[in-house]
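Before I ask anything, here is the structure I am working with.
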Amino acid sequence: MNYQKLITEVYGDVQQMGLCGKVASYIPELASMNVEKFGISLITTDGTVYEVGDTYEKFSIQSISKAFTLAMVFATEGENLWKRVGVEPSGNPFNSLSQLEYENGIPRNPFINAGALVVTDIIRTKSEVPLEDIIKYIHSLANSNTIASNKKIALSELKNSSRNKALAYFMKSFGNIESRIDKLIETYCYQCAIEMTCTELAQAFLLFANHGKNPTTREQLLTTSQTKRINAIMQTCGFYDEAGEFAFKVGLPGKSGVGGGIAAVLPGKFSVVVWSPGLNQKGNSLKGMKALELLTTKLGSSVF
Amino acid sequence: MNYQKLITEVYGDVQQMGLCGKVASYIPELASMNVEKFGISLITTDGTVYEVGDTYEKFSIQSISKAFTLAMVFATEGENLWKRVGVEPSGNPFNSLSQLEYENGIPRNPFINAGALVVTDIIRTKSEVPLEDIIKYIHSLANSNTIASNKKIALSELKNSSRNKALAYFMKSFGNIESRIDKLIETYCYQCAIEMTCTELAQAFLLFANHGKNPTTREQLLTTSQTKRINAIMQTCGFYDEAGEFAFKVGLPGKSGVGGGIAAVLPGKFSVVVWSPGLNQKGNSLKGMKALELLTTKLGSSVF
Amino acid sequence: MNYQKLITEVYGDVQQMGLCGKVASYIPELASMNVEKFGISLITTDGTVYEVGDTYEKFSIQSISKAFTLAMVFATEGENLWKRVGVEPSGNPFNSLSQLEYENGIPRNPFINAGALVVTDIIRTKSEVPLEDIIKYIHSLANSNTIASNKKIALSELKNSSRNKALAYFMKSFGNIESRIDKLIETYCYQCAIEMTCTELAQAFLLFANHGKNPTTREQLLTTSQTKRINAIMQTCGFYDEAGEFAFKVGLPGKSGVGGGIAAVLPGKFSVVVWSPGLNQKGNSLKGMKALELLTTKLGSSVF
Amino acid sequence: MNYQKLITEVYGDVQQMGLCGKVASYIPELASMNVEKFGISLITTDGTVYEVGDTYEKFSIQSISKAFTLAMVFATEGENLWKRVGVEPSGNPFNSLSQLEYENGIPRNPFINAGALVVTDIIRTKSEVPLEDIIKYIHSLANSNTIASNKKIALSELKNSSRNKALAYFMKSFGNIESRIDKLIETYCYQCAIEMTCTELAQAFLLFANHGKNPTTREQLLTTSQTKRINAIMQTCGFYDEAGEFAFKVGLPGKSGVGGGIAAVLPGKFSVVVWSPGLNQKGNSLKGMKALELLTTKLGSSVF
């Protein structure tokens, strides 16, 4: 397979479509992103890198960070994790409280905000320096030491964190959060404000394409079975209430973020990251969704 | 891969676990099924059949029929279908009305009852003999002419169809059902009462493992893309509110029924059907779920 | 108190406001009502009648009929009635299914459609001629034998009864409906299509202002306590999801219908009926709501 | 009417029923209340006081404080208040978040916790010393200067305030809270921890029986219309999801608290307070509910 040709074609086709979308507007730092940016990085499990477009520019990974924190916590907690968070799709927006209420403070899955807060809560209760640990983990996966959290974005998110605080206090009222809420939300905002390039992110996501092996060190961070399970959760829950749509059109496990990034894997074959800040109405990158749909269509291959 | 050894091992391991479950009890005909029954049929895309246990006994396919009616309708309607039914997981039990209310009579996906009723409604509006057409379609896929609907079961279901009638009238009030409700429910009950053996069902499900080709005639019934999409929907929505759990533990697209059958595929490789009438609390075959979990674990292979 | 002066003033004030509203449009027979019609009848517990405007024209009482069927059934069933229907406000539109689902087929109160269907179901199971019995009951209360159901309206409602059929089948699935659904819905549609004048309706509603005595025959149809309770339910549940608003602005127990009628009582003092077919967004008569608000304000008296 | 005889009879009848209930257990200070306590104070609009039982013991008024803060805010804000909080019954438990979500952060009414938080938020934004102002207002109504907030209870509530913080942050995310959340919750907890005797509370509640006049100073604090409206809201929303039941059985506007108090009024006639710490499953005083039901039954008089 000529992956370079493939992603170049996809890139060109998407560019011609004149898709635009809207950048996230809830904080000024994201609102000022250049909606024209567009990059694709694909890395095969043997480590070969294919790139096109703006693949060397750092962007805010936002919710994609949830895949890394989930991997960290699943490795240490094992099946116990599922006592505090479920694995079912939510059928609701990412920050909904209703379902959480009917289900007594146990979030539906680790990718809705409530579930991600539980995951970060676990990291916090095990570590003195939770944010450092998260960044160190991503450093190691991405084989890069220039990865950092953008403080300005983090602080701006903190100012707009009422909904997440509501979720956290609500779960605390059910006994499913241990941390102090202000500290938890702080770690969470800094985690979401981590910035990476397409290629760094694709490198780090090889973990999930590679049966749980650290793509750089070859260390087995997750068992094959754990990796399979995280992929299953990404497939069914990785795109808010557009998860079915993504499975339907793209057919790869993946995770998106409001920074405009989407990271996905074809297990055993490759990881792929698309970045373009213009979002569709569900909060997923418009060009990114289309690019991945074209990619699996042209490739004639998806998990299905 | 020695598939015969694989399914024989899985069969033996599951039998030793002493799992039991409860047969469906809402109609006497299902309640009287022998909970001890257990069979596995696996058929590779080259047509080789592997079997163990009670694979030659007919059982009620129930909701698994929804995969066939979806395939029929998707082939003729194409993308228009999605105006009347969604592709998102529901996060609710299979016969819930609440979500249907918030979403104005458009069912979340074709595998919850409301969505399956819309699909059958479309078949009815195109055909004078909808049930015959459904059975003929399955005949052709399964290469068997002994497949029929069990009238006694169908009539018993009809007597217990208040909830489905409520769903149908509710959607009609939103303009999303065209048929007369009594006729629609009748067709639907007969469709669910179709009986097949594990091997017949696995043969028919090769369609989804085989990029949309009729496994017998090699006729292309669905495009590659349509097949991928049905698989994606089975993955995210095929197991009621246990879809995430199934994706998580098994990692194959599939569809279950309260008759105790589960049909699944590893695209490009094989279809597999497990039948055991004892159900877990979510209404999925207890032994069936466990058998498929073991199968993909031993196989070291799933879609993820 | 000069009630004639009071209602004449109220009538004049409301007319000057140029309120309009929209007539109910879901069936042609209601859609063709003259939106200009407006009448007020007030009858004190001593039987004196005060009228202004279109008080001699028959209109479709629609949901106001639910107050009469509730009175009939409460008198015969007593407290047992509350096993099958609640007395709490719903906080939802009149034909919502969601709450019914969470509460296992027991409607919140007898004035949402689901609850009224249960009430009519009880009448049906006790009588060979349920509609005749309902009409006879109203005849007796209103001291008029020209009250009848409008067949054309009833049949038109029947054609548009999918939502009510959904409610009925849904409750049947929980065992809370005994009648055949088609028969139940037929009785219900005919009951809603009963036509009365403002004055006839006010006469009949004296029952609730008069501690349960038939205003004409002086027969005690309901105990004082039962009457108090029906008034309480009218107060908290009589105006769909505008019940609080009505209690807040008007402060009288009452019941409205989409035909544009509102019947209310000041217990121990009077009954009052306002009719004007233009509805507000919640489905209550726009002029009627305003007239009753002015009436209690000018009167300086409400239940509060 | 011999009110002394009436309440003494009611008191005796209820004592003989052997009702018990459970004291609120979420904080130790309430959990340690003596479940045997029981008092009734009734004060007519001319100021005559009738008492029986434990009417001179201070108890925690809890949610009954919401009636006073509502009165304070309604007097200053007028109709503008209703832009930030509704007047409809909720049909849900007092601390539910689901409805708040569907209605974009506007609480259904001022008596569910979310609505009471909005009311206290308004007081906070107008005053440097909000708690003092609330207590001063109650002092003036009750003509007593021994009324204070119990600091131990307030601090204990603060420790258990995760759910209320969740509600507050959630509304803040919709822009419907202005205060700092920690300060708001603090004021709210101190307000709920105010302690009064039955007689003090009945004295203060005369405001609502007396068309808005301060029962002590005769100052007109609320207009007649505003008083009517607060009574209407108490009637439809004052008892959580038992409001309909209370209207149905008792038929008086009133407000209950988890400290076991219930305050109610018969407008133009009297206020009445019942206190007994044993609660029913809905969180309302078991003896209190029964006492008021008997009282209006024996009296043959309610608002209905």
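Residue numbering begins at 1 within each chain, and the chains themselves are lettered A, B, C and D in the order written.
Convention: a contact is a pair of C-beta atoms (placed from the backbone, for glycine too) under 8 Å apart; a residue touches a chain by one contact, two chains touch by 3 or more.
Worth saying up front: this structure is predicted, and the values here are computed from it rather than measured.
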item: Same vs different contact residues, subunit C with subunit D, by half of numbers used; value: same
item: Computed distance of Cα centres, subunit D from subunit B, in Å; value: 55
item: Rounded Å distance between subunit C and subunit D, as computed from the means of their C-alpha atoms; value: 32
item: Intercentroid distance (Cα basis), subunit C paired with subunit B, Å; value: 47
item: Per-residue overlap in subunit B, given as positions that touch at least 2 other chains; value: none
item: Listing of all chain pairs that touch each other, if any do; value: A-B, A-D, B-C, C-D
item: Touching residues on subunit C, where the partner in the complex is subunit D; value: 86-92, 99, 108-109, 224-225, 227-229, 231-233, 235-237, 241-245, 247-249, 251, 253, 267, 296-297, 300, 302-304
item: Of subunit D, residues touching subunit A in the complex; value: 96-98, 100-102, 162-163, 165-170, 172-173, 181
